[in-house]
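Dumping the structure here so I can ask a few things about it.
Chains here go by letter, A, B, C and D, matching the order in which they are written, and residues are numbered from 1 within each.
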C-alpha cells in the first residue's frame, strides 16, 4: 500500500473528495473473462449508502456507479465481461449541499484529521472533510464488489458487535438476524439497547464508537505471502486505513494475551478439521482453511455539537462545535467497508498465491497440490 | 510490504531460517553520510537476545552482526558512514543444537504455522521453525538500529503491559523502571505477580500471551501518506507481521469503541499542545506531533509440553507435545522488535514526507513550512 | 512500473480504451500547493491531438480534459492549487465513429497486438484497438503536463529525427524550427523530403517508422536511484512502454558501441562543465547536470491497406487489409508523448532524490549540498 | 524496479561493493519445490568470471557462491529444494588487491559514474568503483541461474555482435560457434578481426564499445503485463540498468524506423507460425510465442590510460589517466549478464501471468486456455 493504492497483483487506486465533482477508483489486475456490469456493484454501494435512517448522516447521495473501462461485450462473450485491463469506476457527487464552511475552514476539529492535513500539506479541501471524508469508502465498496467476483468461493459476512459500552455476547451471535435491524446487530436482544443508546447520543449532538466483526468463509489454505505480506498483516494494514479505525485484531486478538498455550492452540482432527479458531484462520501469515475472522474498532465521529477547545489556523485558541450532517456512529456504516477491504485483500492474496505456487494447497495424507 | 520486503523509500528485506547458516537483511534507501558501525547495531540485538533468563529460550546465540556493504570510511569521513547504497547485514547462526526433529518434522503443532506452511509450499524447513521462527526478528532489530539513526529526533520506548491475565494499570506506568526487571515491566508492583505467573507456566510446560506497548516520542507533525499508506495503517501492517501478533491498536484503540465523541476528541491549545492523546499521535493517517502510541497483542507460544490433538503429514490423527527450548512467553522478547519495526516505519514515513513535500510542517499562526 | 501504474513516489495510473466512454489517469503523490487548472493541461493535449493534418488519423477528438479531484481553491490559495491528494483526470471519447469491426474483431492484424492480447486474455476490446490504442497516450500527456509543474526548472524539447530511411543530420538540428512544420522536423531542409515520403506512403495505404529525440534541459546533478531505479533504466522502461516503440537509447546510445574510450569520455572543466555529452546526461544511473538526451525508435503502424497473410480467431489462414482511420506514421504523434513520459519520470526521480537525500547536490570545491 | 530491487512477484535485491567483504543478493518469491544447490549456480558465475583471458581484467576472483537460506533437504525431498522463502546468496570478495586509490579517490574519471555518485551522495566507495563496479553483475548472474530453473522451458542464448566498428553480419550468425572463441562471437570469420582490434586497443591502454544480442527461445504467448509492465518495457529497463549500457532494442529495434508497414508486419500462418520476427517476440508488451530477441549497446570502459581532462573533488581542473586492472571491452563480460537479467524478467513475467490469468494461453481455433 502506498499513497492511494492498495494491493499487489490486484491494485486499487481510489481518488476523490467529499464535495468534489466525483469520486472513484481504478482496479488494475483483475483477471479477464469475469461477468461484470454496474448491476454487480450497485447493490453493495446501496448497502453502504448514507441517508437511510435517522442514525446516519442525512446527506442524500444516490451513489450510482458507472464502469468507464475494462469491460467488453460482443456476440461471443455471453454478456459483458472483464478484459484484464484497468476497470475505472466513477460515482458522481450529487448532494454537495451548499453551506457555510467558514467555521471549520479555518479551525481544526479536535479528534479530526483537519490539523494533520493542514500540517502536512498547508492546504486542504475542508468541504465535508475533503479527502478525509468517509465518503471515500464508497470507492472501496465498489472495488470490493468486483473482488468478490474474483473469489466466488469466498463469502463475507459482517456485523456490528459493540456500540459504545454495549457489546454483543459472542455466544449470542446469530448471523441470520443482521439484516433484520438498521444496526447490523447480530443479537436481536441488543437491538433495543443500541437504539436507546443511539437516540440519546443523537439528541445530545454527540457520537459513539463501535466494533465491527467480519468473517470470510471459504478461504482455502495457503493464501498469504510471508513474511511481510502476511495475510493478517495485509488485513491489519488495510482495515486500519479505513476512516476512524483505531484497532484491528485477528481471531482471538487481544484476548489471546490472557490465554495459556493450551487454551490458544486450535487442535486439529482429520479433514483437516479444527476444534477451535483462535487463530482467526491465519497462522504464520497463511490461511489455514478456517474462516478468516477480524474485528475492527472505530472511534466516535469527531464532529459533535458540544463545544470543544481547539485552535484555528491563525493559532488562536477557540471553542468549536460542528454543525451539519454527521453520523453519530460511523461504525454503523463501516460493515460494508470492512467486508469490501477484506474481499480485495483476499482476492489479491489469491492471485499472488496462484502466481508463486500455481495455486491450490497440499493436503495431509498426500496427493500433492489440489 | 510484499513477500519479505517492507518499506517504500526505506526498504528492508530480511532472509534466513532458524537453523540455517545465517540470517540477515538488506536495508536499501538509507540516506548517505550517517555514521554507522556494528557498534551502533549490536546493543539493540543484545537487548533482544534470547538465553538471558530462565523465562526465555535457553538457546545461546551471540547474534553478532556484521555489516557487509553500504558503508565507507577514509580520511575525510570522520569514521565509517553510510554511502546511500544497500546495507547488507549478516548474523551467523551458531547454536543450532543438533537434535531430533523427527516428531515435528512430520506433524503439525496446533496453533503453529507448521500446517499453513505445509499447505502452501509442500516443503518446509521445520528445524527450529525455519523461516517461521521468531529468530527472524533479529534482522528486524538490526534494521531498526539503523532506522533510529535516520530519525535521531525520535526516541522509542517500550514495555510489556500485560502477561496472561495480569495487566498493568496504565496510571501506574513508570517508564524509568522498565529496565529494572527481566520482564520489561513498567510497574514495579507487578513484577512479583508476573514472576510467579511465569514460574507456574514454565513448570507446567505451558505458555502465556502478552501485550506490548511502544511509544515514539519526538515524531513531528506531517508524517504519513494517506490514504492507504497512512502511518497507522503501516504500523498496523508492520506490527501484525511480527511472529505471534494477533492484534494492533493505536492510541485508545479498542477502548475508543466505548467512548463518546466528547471523551475521544483530543482538545488543542496553543503550541499546538494537545490535552489528551486518544488518537495515539495519528489523525487521518498523519502524525500530529504527539507521541505515537501503539499496543500489540501476542498469543502464547504454541510449543508446549501438554499433549495436543493434531495431524501428521500423512493425515493421521495424533497427539503431540513439543519438547525443546522454547519461550514460555514470546511477548517477553517482543519489545525490541516492536520498537524496531516502529522505527523502520517512521524512518520510511519521514523520507517519503520529505520526498513529496520537502519536509517540515505548517504551523498554526503561519510562517509556512518549518 | 506494474500493470497500468508507473512511478514510485509520483505514481500515474492510466485507464481506458479507444472506443469506451472515456479514458483518463490518476496522478498520485503530487506535491501540494502547485497552481493547477485544466488550462495548464489542455495545451499539451492539443499538441498531441490527432485530426490535425493529412498525415495523421482523421478521427476528430477534442480531448478536453477535466480535473475531478486533488485540487482546491478558496480565498487564500491564489487560484486553484494541488492538495497532495490524488488528481483524477478524465477525457471523454467523443468521436467513436460507428463502423464495422467484424473483420478485425475476429482476425489478428500482423504486427499488431491483436494476437498477443487474445492469447493472454481470451477476450479483447477490438474497437479501435481498445486498450492497445495509441489513444491511451493522451492520459500520459495529461499527466506529463502536471509533472512539468513539479519540476519547473526543467525544460523539455522534442523532435522527429528520422522518418523511414530519411534521417536528420545531427549537425543540422535547429530546435527553433520544430514548430514551423507539421512533422516536428528540426531541419527545414528535410521537411520537403519527409513530405514527399509521407505522401507516397499515404497514397499507398502503407505506413512508415520514425525516430523521436527528446532532450531535458535543466536537470540538476544527483537525480536517479541506483541500481535498478537508475534514471536511464526508468527512461528506457517508460519510453519502451509507449505504443510502437522498439528501441531506446541514451546519449550516444548504439553509436557508442563503435567508440573508443577516448571518444566516449565526456571531459570535464570547472563549473562543472562538460566538453561533450555522449553520456546523455546520465552516468551510473544518476543525472550529471547535462541535458538528458534520449531517442526512441517507433515501428510503422501495422494497420495498412496492403493485404497481409494472417490468422483469424478460429485458426483459419486468411488475408487481411485494414481499412479505417490510421496514422501512416505513428512517430508523428509520439513527440508529446515521449516528452510527457520523460517529464513524469524526471519528476518522480526528483521527489525520490529529495526523499532519500534531502535534495540538492554536492559541488566540486566543497560547501556541501546546495 | 526501485533502488536495488528488481522484479514484482520474483524480486531480486542485490548488494555489495567491488572491494567490500562480499556481495550478493536475495531472491524473494521463488516457487517452492525447485531442486537447487550451489552447483546449479556456479557454472553461470564461471562464465561471467573475469581473469579468463588477456582481454578482460586480470583480477582473480573465484566468485564462489554460497546459498545461505531458502533451501531445504531431508529424506523426502529428493535432494535440496527451494522452500518458497527468500534465497540469500553470498559471494565473497577475495582479490581486493591492495593498491593506491589516492588518484581516483579525489578525482572524477570522465565518462565514469564517479562524479554523479559524488554529486548525489557526497561520499562514495571509490575502491574499484564501489557499488558502480561491474562486479555487482555477479549477483545478477547468480539470480539468473535460479530464474532459469523457474522457467525450464525457456532457453537463453547470447553473443557479442559488434565490437568497436566491427559488426557481425546477421545473416552469418551461427549460434553454435559462440563458445569456440573468447569473444562470444557467433561468426568465426569475425574472430580474427576482433582479436586484432582488441589487441590494438589493449596495447594503447584504450577501450572499446560493443553490442550484445540475446534470444530467449521457448517463451510461450501471453507473458507481459500491459501497459507499463509490458514485457519489452521491463526488458528495456532491466537491461539498461546494466553497467555501461546505453541502448536497448527489441526485435528489429532502431532499424524498424526505416521500415514500411509491409516490411515490418510479421505475417502469420497456422500454428500459429510467424513468417518473420521483427517484433522480437513481443507485441503490445505481451509475448507472442516467437523468440524474444534483444540487443544492448555498451559504451567503452571509461578507465583508460590516455590522459583526459577532468576535475577533482576540490574543483581543480586536472588531467587523469586510470591505471589498474580494467576490461578493454566491458561488452565481453556482458553476455551472461544480459542473459541473466532476461531470465529474471521472464520468470517474473511468468509468475505474474499465472497469477492474473491462471497461466497458459488461448489458441486460435479454440479450446480455451491451454
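One rule holds in what follows: contacts are C-beta pairs under 8 Å (C-beta built on N, C-alpha and C of every residue); 3 or more make two chains touch, one makes a residue touch a chain.
From a predicted model like this one, the values you see are computed outputs, not experimental measurements.
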| item | value |
| --- | --- |
| Reference chain D; chain at largest CA-centroid distance | A |
| Pair joined by more contacting C-beta pairs (C-D or B-C) | C-D |
| Computed distance of Cα centres, chain C from chain B, in Å | 44 |
| Separation of mean Cα positions, chain D and chain C [Å, integer] | 26 |
| Per-residue multi-chain contacts in chain B, two or more chains | 2-5, 8, 14, 29, 32, 84-85, 120-122, 131, 226-227, 357 |
| Complex contacts: residues of chain C adjacent to chain B | 8-9, 29, 31-32, 84-85, 226-227, 351-352, 354-359 |
| Of all residues in chain C, those that touch chain D in their complex | 1-6, 8, 14, 108-113, 115-122, 131-132, 136, 162-165, 201, 206-211, 221-230, 232-241, 245-270, 272, 275, 278-280, 282-289, 297-304, 306, 308-317, 331, 353, 357, 361-366, 368-369 |
| Residue ranges of chain B touching chain D (in the complex, touch as defined) | 2-5, 11, 13-17, 20-24, 26, 28-29, 32-33, 66, 68-70, 72, 74, 77, 81, 83-88, 90, 105, 120-125, 130-131 |
